[in-house]
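Naming follows writing order (A, B, C and D), and every chain is counted from residue 1.
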Amino acid sequence: METPDPIGGILLNKRMTVNLGLVILFAIIAILLYNSGKGYNLLLDNQTVTINGVTFEPTGTVFVSVDDGEPVELWVDDRGMATVKGKKHVLKIEVLDEDENMVLYSVEKRFSIDPEKGTLFSIPAIIAGSSEWVIPKER
Amino acid sequence: MEALGPILKMEGIGKSYFGNRVLRNVNLSLGKGQILGLVGENGAGKSTLMNILFGMNVIHETGGYEGKILINNREIRFDSPFDALEAGVGMVHQEFSLIPGFTAAENIVLNRESTIYNILVESFGERMKTLNKAEMRQRAKSAIEKLNIELKDDTLVTEMPVGHKQFTEIAREIDKEHTQILVLDEPTAVLTESEADILLDSMKRLSGLGIAIIFISHRLQEIMEICDKIIVLRDGEVVEETIPAETSIKDIASHMVGRNIDSAFKRETEMIDNSFSDIILSVRDLWVDMPGETVRRASLDIHKGEIFGIGGLAGQGKLGIANGIMGMFPAGGKVIFENSPVTLNDPRSPLGMGLAAVFEDRRGVGLLLEEPISWNIIFTALQMQNKFLKPYLGGLVKVRDAKAITECTRYYIDALEIKCIGEDQEVKELSGGNQQKVCLAKAFATRPKLLFVAEPTRGIDVGAKRVVLETLKNYNKKYETTIVMISSELEELRSICDRIAIVNEGKIAGILPATSESTEFGMLMLGKVDNGSEGEKTS
Amino acid sequence: MSRKIFTRDNVQHFLISNAVPIIFILLSAFAIPVSKFSGQYLVQEMLVRLSRDSFLVLSLLIPIMAGMGLNFGMVLGAMAGEIGLILITDWNIMGIQGMVLAMIISTPLAVILGWMCGSILNRAKGREMVTSFILGFFMNGVYQLVVLYGFGKVVPIRNPQLLLSRGFGIRNVTNLEGIRKCLDNFIPLNIGGVSIPVATFLVIALFCLFVLWFKNTKLGQDMRAVGQDMDVARSAGIEVEKTRVISIVISTVLACYGQIIFLQNIGTMNTYNSHEQAGMFAIAALLVGGASVAKATIPNVFVGVVLFHLMFVVSPMAGKYLIGQAQLGEYFRVFVSYGIIAIALALHAWKRYKDKERARRSLRGNA
Amino acid sequence: MKRILQFIERVGWPRVIIAIFLLSLFIAAPFVRVRIDASISDTLVRFGMNGVMVLAMVPMIQAGCGLNFGLPLGIIAGLVGAVTSIEMGITGLAGILAAMVIAVPIATLLGLGYGILLNKVKGGEMMIATYVGFSSVAFMCIMWLMLPYKSPNMVWGYAGAGLRTTISVEGYWDRAISNVASFNFGEFFYCPTGMFLFFAFMCFLIWIFMHTKTGTAMTTVGSNPEYARSAGVDVDRMRIISVILSTVLGAIGIIVYQQSFGFIQLYMGPFYMAFPAVAAILIGGASVHKATILNVVIGTFLFQGILTMTPSVINSLIETDMSEVIRIIVSNGMILYALTRVVKVRS
């Protein structure tokens, strides 16, 4: 019927390219949002644990806070939970003295969650400065 | 001017719809800046010719046309009106094509708005451009200026008088950059006299700017005034091509209506003079608010037993008279039937008094398309006269009498030669001519004393036309029923009527015996007789 | 035509055009004192509801502009939004990221649904409203089919808390704790004990600007033209059908975002009812604001949301104090929300009839 | 093959599909251990229960008022009649008669107002009808709480006022119509002969009415209002009569429904009741402006058949209850089909 308008043709192609670019852009944004918005439940374990043959013992009651959030008080053999969003976080552990009213020292740990390894963290291992502080998933 | 050659040339244009020839070997040429007056009766082929020029769908859906169209000496063939617009042919139709809630400026640049680019266009396309309102108004203003008319660009269409709507339409065509040919289809019909003068003036200006104009009008005065060339169409042929200096209104009028009487409907019977019989229907100062067919102040008397014709050009109000009296549209005035007044605006009153009508809008008003023939025929009689009802339970309930209905229907199928497979066939399956016969049968079934028949032959083939007209004539003779026939085809009226009234601008322009000269009717139709508008020009 | 009749006609015209908001203002003026709510409470409540509902109501504007009446098909958009929310809840994406991600996921779905709805409505010109209304019901069935039987079977859902005990199908109530009020509290602001969801209002304001801007685009102009006279628009070369479909697509996508904003405020989702209510309340609110089937403006939206929800909040308590039964007020507000739509639709149809008559009369005047 | 296609074309695709679906459900039933006699019996009972309400669609469709989404208005009248009859403590057929005698004038009045309203909003009837139905149900919710009914069988026990959500008709007129000349065949098959007779009687009445002068005029108004007007029919009056008739039939329909069902459902119960009735008549082959009594019979049977058979058969087949979803999709899909088809024919 009509001869295709060359200018229209180019425009359409340009539009398609732009839209394809936009789709890709939105896909990337979606992936970024997924990563930064994914919520994890961190399990914080203040128990005796053996990782890769090394055994860590709890030092006493600790206050643990993630990303400057509300501190969680963990006694020996206690387990706490913190909900976090995204992968990179800072964990702050304050070790108390035996009367539980003075902070002896505190440890800060920057970490990145690896969902493959798990989200069960051993507080004693972190305090001890071990490189392995994620308690592997059972089974 | 002539050195450049004609801007538009149509050679040997012909067209037929389903074997029905409407245009035959039409030639015309139009030079730059010329105004061509195109005149002819309704159905002479003007609209078809313009539809061909404009590439309307209806043309190629029905098999295209014959002949050649050349614009600037290049042959063209438009597939759609948009192609025609592209090639610089602009058309202003009779019906307004305006968006009511938009301003004049917005309508003038409709779908050709000035726009500004923005970044979203890259993703969503051209239509995301924003409007450049300032430029739109500027364009509108300059188009209005070219026409030299009073029209504010920010007036809403709904608030405009009719004339300004017409101007807006024309301004839209002017705004199209390469419009070189402008077709104006009866632009002055809706205008007041002063408005029409302004319009004629702007047309002259436009032609001065080099735009060629085809001007279709029934107002011959205007044609004579501004056209460089006049073409008269009759029955699809060019019967006269002339220039205003060499002709007169009377000349043109006779060319328009004059036709070989011996063609289709030769008058066979002698005219019967009923003028001494009683007046059966008397109409005084009737106004009817029927869209497109407004009746303003019509007065006429119809004698008992005659066949009375009402003619006139389309849109002048001839159809409104029957519709008004029968209560189909809001109406006022005085209508006396057999010495008792008819209550207007209530169809039951005229029906109850023995009037009946076959309306021009067959499919819209005249028929129940999805019901069987029998229902269509007996319904009015059943409703108004309680015919075809059979009592049960001692008259407690009355139920449709299927047997009587079938009998009656069969009678009319035979009598009117309705071609169908049976009385239960749905009417929508019938041809136009047979549908018209059903309409007549419906009216006959009530045994009316006076019967209005509006445009009974519109859109049906010649054979059926003859049967319909014969039937009316015979019915008139057999039952002495007064018949008022309304038709745009003057020859048809002249072939069976005794007297014919011509309606112009909602009033009766005059009443003449059917045997009068066709030129006289032509003059009446064109409003060129000054014997007073409500003149009862009896012979 | 005498002058006096003309003015009375005008007053009548004004009353008819604004009957619905007037009724509502009178009702509220009566019910507020009876309900004994404090001003501060009502202000807070209205702010919350404005932020929650405005976006949904705004999504109705564009089809009205295109002459397609009230888009009851907006529930399709709401459904798309809900599917997005179910998915991000399953993936446990939290906060503003979760909300935006839900929007991104549900956009293509809303576009497809909107396109479908628009195409169907093109086949039902002149009865768009009742068709889109039934389409909403029909798609609700399809939605149930997908969410109640498909999710967990065809679409993998890992979070067992979302699923019914039988192992597939989403529960009746979906907890959206992860994104609860994430937008509302994005920019916290508290004035005199009234907390203001600044970010949500910013989004709404942005959207209003979009609508205003959109009216000034070529597409917006085409829509207005199509809305007023399809045949004229077509003869001017505007692609009528396509324009109508686009208007429904835009409305559906916006309704989808609106529903996401609505649900982030609520924090829980009635998996199988939320969308239906969204449609009904949005339409009722718009009509209460004085909009008609043929004309709606941004002020209509905000006035409508405030008036409608004022009635909504106040009526149960008013019923309780007046007759001693809160249940009564409950039913009363259901009655009001349906009744108002009925009245508005009837008034519109009646007005159209009256306008025709007026036009007629003016025509006769010329004769 | 061509003849089959022609047949399908004439009957309409959706109807054929639904009929085949229903047939396959009946065939599949024995294989999934669903008793066929019980199924048929259930289908018949539901057919009788719903028949009159579907019949209530006919007058309005015929008069060109569109699908009667405002059926709840008639239902409300029926409910008032039923509740009042129980309040008066009349039992058996007399109780039903009393309910109808009370309901019919109420329905006539409501129908009159409703008809006048619909005449003012020509062209937009269906949408307005829907919302008139909805709001009247909501309004009656208020009334059920406020109306001074006293019968302890009906009011909330703890408050002593306000009607309950469901009221049992047992002890009053439970199955009073159904049981007239009814019989059991084996353990599972029950035939509610009385209800069929009643339904047939109502159909006959409507049939007669449609053949009277008024009925003929009504059909004509629906077929072409302009034609009717030109033949001297008062179009508005015919439309009002049709609406009244539809509303009255709705009122009678709900009473028949309740006596078979055994309960009166108040409050939001009637809310969506118009939709199954509308869907049924459309499945039966009616269009938005043409409906016959045959459409009612076929449509009710097909639709109720599917409603009865899907839960039992499909559930046993895939062990999931999908009946609700199927009901929504089939009924609304059918209405949607009818709405989009009409315009195609017209243009």
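Note that a residue touches a chain if its C-beta (ideal position, glycine included) is under 8 Å from a C-beta of that chain, and two chains touch if they have at least 3 such contacts.
Note that the structure is a prediction, hence the values are computed from the model and not measured.
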*Give the identifier of the chain nearest to the protein's overall CA centre, each chain being represented by its own CA mean.*
C
*Please identify which chain has its centre, taken as the mean of its CA atoms, farthest from the centre of subunit A.*
B
*Which chain pair racks up the highest number of C-beta contacts?*
C-D
_Chain centre separation (subunit B, subunit C; CA means) in Å_ = 47
*Whole-Å separation of chain centres (CA-atom averages), subunit A against subunit D*: 60
*Please work out the Cα centroid separation of subunit C and subunit D, and write it as a whole number of Å.*
31
*asked:* Two or more other chains touching the same residue: where does that happen in subunit B?
replied: 126
*Any chance you could list the residues of subunit D touching two or more other chains?*
none
*Answer with line, ring, star, complete or other to describe the graph linking chains that touch.*
other
*Let me know each pair of chains that touch one another.*
A-B, A-C, B-C, B-D, C-D
_subunit C-touching residues of subunit D, taken from the complex the two chains share_ = 69, 117, 120-124, 126-128, 130-132, 134-135, 138-139, 141-142, 145-146, 162, 275, 320, 322, 324-325, 327-329, 332-333, 335-336, 339-340, 342-344
_Interface residues, subunit A side, partner subunit B - complex_ = 1, 11, 14-15, 18-19, 22
_Contacting residues of subunit B [partner subunit A, same complex]_ = 79, 122-123, 125-126
*subunit B partner contacts - residues on subunit C that touch it in the complex*: 213, 216-219, 221-222, 224-225, 228-229, 231-233, 235-238, 360, 363-364, 367
*Going by the contact rule at the top, pick out the subunit B residues touching subunit D in the complex.*
326, 328, 347-348, 351-352, 357, 359, 361, 364-371, 375, 379-380, 382-384, 386, 389, 397-400
